[in-house]
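Each in structure tokens, the structures are laid out below.
One chain, subunit A, appears in both complexes that follow, with subunit B as partner in the first and subunit C in the second.
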Partner chain A sequence: MSRNKTTYMGWRKGKDKTAFVLVCLFSLIAMFPLFFILWDVVSKGYKNFNLRLFTEVTPSSMDAMLARMNGESIPGGILNGITGTILIVGMAILFSVFLGLFIGIYLADNRGKKLAAVVSYLTDLLQGMPSIVIGIIAYAWIVKPLGGYSALAGSVALTIMMLPMIVRSTEETLKMLPPAYKEAGLALGSSYTNVVFRILIPSGFGGIFTGILLAVSRVMGETAPLMLTALGAAVVNWKVMQPTSAIPLLIWDFYNDPNLVDLIWSSSLLLLIVIFLLNWIAKIVARKWKV
Partner chain B sequence: MESINNINEENPVLQLKEVSVSYSPGSFAVNRVTADIYPNTITAIMGPSGCGKSTLLRAINRMHDLYPHIKTTGEISLKGKNILAMDPMEVRRMAGMVFQQPNPFPTMSIYDNVLAGYKLNGIRLKKREKEEIVEQSLQSVGLWNEVKDVMTKRGSFLSGGQQQRLCIARALALNPEVLLMDEPTSALDPISTNRIEELLLQLKKKFTIIIVTHNMSQAARISDNSMFMYLGELVEHGNTTQMFTKPQNKRTEEYLTGVFG
Partner chain C sequence: MKDKIFRIVLFAAALVILLLAAGIIYALVSRSVEAFGEYGIWGFVTNAEWDPRSATEEYGALSFVVGTLYTAFLALLFCVPFAMAVALFNGEYFKGSRVSSFVSSIVDLLAGIPSIVYGLWGFYTVRPIIIEMGVNAQGFGIFLSSVVLAIMIIPYASSLSTEFLSMVPNKLKEGAYSLGATRLEVVQHISLPTAASGVVAAFILALGRALGETMAVTMLIGNTNRIPQGLRDTGNTMASVIANQFGEADGLKLSALIAIGLLLFIITALINLVAKMVMKKLARV
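Up next is the complex of A and B:
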């Protein structure tokens, strides 16, 4: 009897160990691609990761070819892409934060209402929408009627992509706040609007801001919707109604041009660094503003 | 139901007439409650869980308006004005409320928390007025000396008992006609509870207080009058000492002696 018991315990312990080893092993395997992506991008990208990248616009294919033949580094950078990304994403932040906050507030406060259920369902649907479809829609809504590709069209496409993420993070953050804050505010005779904007939103700032940052880092690398809307440009453009470049669009261009292919890696490295920074800031904000 | 009062019988500050609150049609959480509350008294509302104590209290500052399915009927007059016909925001400024859990606004400093009622209502004050209100309100809850050097810290920096006194100060800053308290000490330790009870005895010199409590000895210690509610009805209302020593109603007696509740 007692011997049986020991073998049984031994079997259980063995099982436990195997499970533990497997879990660790699979975690390591899952980390491999991530590690190699980072390794590849950094090792290939650092060569052209210099001041030029930030201060000069994309060189023409011919100039790049000549430089290559002479063994020089590529004469130019991605300034047009950096400014384009700032312009397009900046406008998208303006639109989506404004809309997303209001929708999130509505959803958090009107659970169980029919309209809220419909909006909530559509938000989920939008979240799963392929980005190319969103690009086509922005093309049909903005590019076609206004007769040209533009930064505005690009930012509308990105707004549609960011919206569900901001709505959800606002809604979830506000739902997590104790109802006591809302009641305490109203019990002081405050209007609903004041309670929302002076108590609830500031109290949930950490969560809402984190959601916005993550949404930004998500759409920053989007290419497909921008191809159909912002199109791209070889020069720095700050005009809202003109075709504009963006970092991911340039990466796609470089891929298609054997003379510029070396710029792919440094552009990717820049994009990765920015996204990494945004995620890092999001984490710090979420921790600091915890209520 | 007999009302035995030795305090200012002339002018009740708050009058409830046939007040009923229903969460769903046909069922009443509070059923036709009629009562007069006199100035500068502490009234304790007692009763077992679910008897409608908090529901009645929340009707007095129109908190039920937040939930459209809750219907309040009857007449509640505060200083002679029927509050059910008034704008809820105005009513809530006249009837301050303190909740079970201390809930200072987490993003505001201690100073701003006291002034929250003014800020949220868009009332602009001069710096002198602000400082006066803050000092006066914090003095009246005995918090001034403890926090005067940490005014810019967040409300959540304080201990639970201090936070609750801050919440009372926040309600008092608007100079309300009545102070409604929904089990204000049930989340606090005995020492903080004691502090708040002493404070209430001080505050009744200036304010009228209605307190919902689960704690019968608390009601006995601090209240002038008591209301005993059961199944939404006001079973007995009268002088606290009288009620605890010679309850008029059998159910009150059973509750107070621990037969149920």
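Up next is the complex of A and C:
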């Protein structure tokens, strides 16, 4: 009887230990891919990660092939992609930040209203929408009626992606602020507008800004919606209504062109550096301006 | 006066979301009408034939619907043990510790890597391994895409599950410990059942992500327009066929592709709705 009891205890303890080891093991394995991917991108990308990458536009397939045959490094960079990403993402930030902020404020201040519930539900719906479908929508809204692919259409697609993220982070941040902040401001005779701009937004700055940074980092690497909207271009383009390239679009081009394959990894490295930098800044901001 | 204007501005901003949603549905529906009119909605969805040659032009979505569901559910299956382990690691075993914040920030970074970089990694690094394993000769296909998709959705499933697991009240767990339960028994009988609906919702949302993933799948699935016959076969998903063929499409083909986009939108919206309902159940407890 007593021996049975100890073996049963042993069995339970053994099972407990096994589960613990398995949890640790599988968690460890889940972290591997990140290091694999980083190693891949860094070890293959650093060779072509030079000044040329930032100062020259993408070479033609022919030039690249000739250079390869002569054993030279690839004659060009991704300047057109860098400027395109700045243009497209920059416009998307312009479109989405204020709109997202206002919608977030509305949702945080009108809890329980019917419209707020509907808007909140639709925000979730937008957030779950696949990026390729958003590309189709920007195509139908902008590219088709205006008769051509453009940086603007790309920004509209990215705006639809960023908007729900900014709305959510603003709303969550404002909801976490103590109601006393707002009440104190109002009690002192401050107008609602002043309370929002002088008290709520400054006190929630950390959370709101972090949300914006994360939204930017998420759309930075989006390829699918831009394929249907901005299309890509071999030259530096700053015109809003012209086809424009972007770093992820160039990676896709390089992937499909064996002559340009050498540029794949250095462009991916640049993209990852920018995205991780944004994530890192977001983390610091969130810690520094904790609500 | 200023306040009134400001409140109107806020109200108008909220209305923009309604307009966006209406515009999205109008854009998708009005441009898929041509394809649905040609084949009928049911006929379009259940037809596995996709033949863009102008002489025998015929479009149906079934191959891509099957391909999408196949890869996404397989990816979900592959990701469960890892995402679950990470969630338990961060939300239970090492809750609030330094090592947990390290693990969660590493896993969260996985969510930041762009789809196209996953595609490149899958193509140049994972594909040779798949070929080595003898899954198929080229490496492309359902299996390769599902493996990479599984890695992509781990952070989505694990971070939300962690949140729900760490919300389980300590009192409940302490009660079980005081009765002599081991840690595993607490997890099995207290933590997981209490957080169950949240954890399930997290995995449903991760499934939604997998359904809509585009670039990585487009680069890895092999892009054949027929119903995949098994793990080793190639195929196409709804997202990947749009990404692949949208550029050169016009007329009926363009409309058929947009109709596929509409179907994908409906499927992901339904998935999100289900996740929301499951989570609501949690809120009531």
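Simple rule for what comes next: the second predicted complex is superposed on the first by the 274 of 291 C-alpha atoms of A that agree within 3 Å, B and C clash if a C-alpha of one lies under 4 Å from a C-alpha of the other, contacts with A are read in each partner's own complex, and residues count from 1 in each chain.
Criterion: contacts are C-beta pairs under 8 Å (C-beta built on N, C-alpha and C of every residue); 3 or more make two chains touch, one makes a residue touch a chain.
Since this is a predicted model, take the numbers as computed values, not measurements.
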Problem - subunit C versus subunit B on the shared subunit A, clash or fit after superposition - result: fit
Practice task
Could you tell me if A:Ala180 is touching subunit B, subunit C, both of them or neither one (first, second, both, neither)?
Solution key: first
Exercise for the section: State whether A:Phe276 touches subunit B only (first), subunit C only (second), both chains, or neither. Expected result: second
Exercise for the section: Look at A:Gly189 in the shared chain and tell me whether it touches subunit B only, subunit C only, both, or neither; answer first, second, both or neither. Expected result: first
Exercise for the section: State whether A:Ala286 touches subunit B only (first), subunit C only (second), both chains, or neither. Expected result: neither
Practice task
Once the two complexes are aligned on their shared chain, state how close subunit B comes to subunit C by Cα atoms, in whole Å.
Solution key: 11
Practice task
Under the contact definition given at the top, report the residues of subunit A touching subunit B in one complex and subunit C in the other.
Solution key: 191
Handout entry: Of subunit A, residues touching subunit C in the complex
Key = 12-13, 15-16, 19-20, 22-27, 29-31, 33-34, 36-37, 40-41, 99, 102-103, 105-107, 109-110, 115-116, 118-119, 122-126, 128-133, 135-137, 139-141, 160, 163, 167, 191-193, 196, 217-218, 220-224, 227-228, 248, 251-252, 255, 264-265, 268, 271-272, 275-276, 279, 283
Completion exercise
In their shared complex, subunit B is touched by residues of subunit A numbered 178, 180-181, 183-191, 194-195, 198-199, 202-203, 205, 291
Practice task
Would you mind writing out the residues of subunit C in touch with subunit A in their complex?
Solution key: 2-3, 6-7, 9-11, 13-14, 16-18, 20-21, 23-24, 27-28, 31, 81-86, 88-89, 93, 103, 105-107, 109-110, 112-121, 123-125, 151, 154, 158, 182-185, 187, 205, 208, 211-215, 218-219, 239, 242-243, 246-247, 257-258, 261, 264-265, 268-269, 271-272, 276
Exercise for the section: Flag every residue of subunit B that touches subunit A in the complex, lowest number first. Expected result: 61, 63, 66, 89-93, 96-97, 99, 101, 103, 105-107, 116-117, 119-122, 156, 167, 170-171, 174
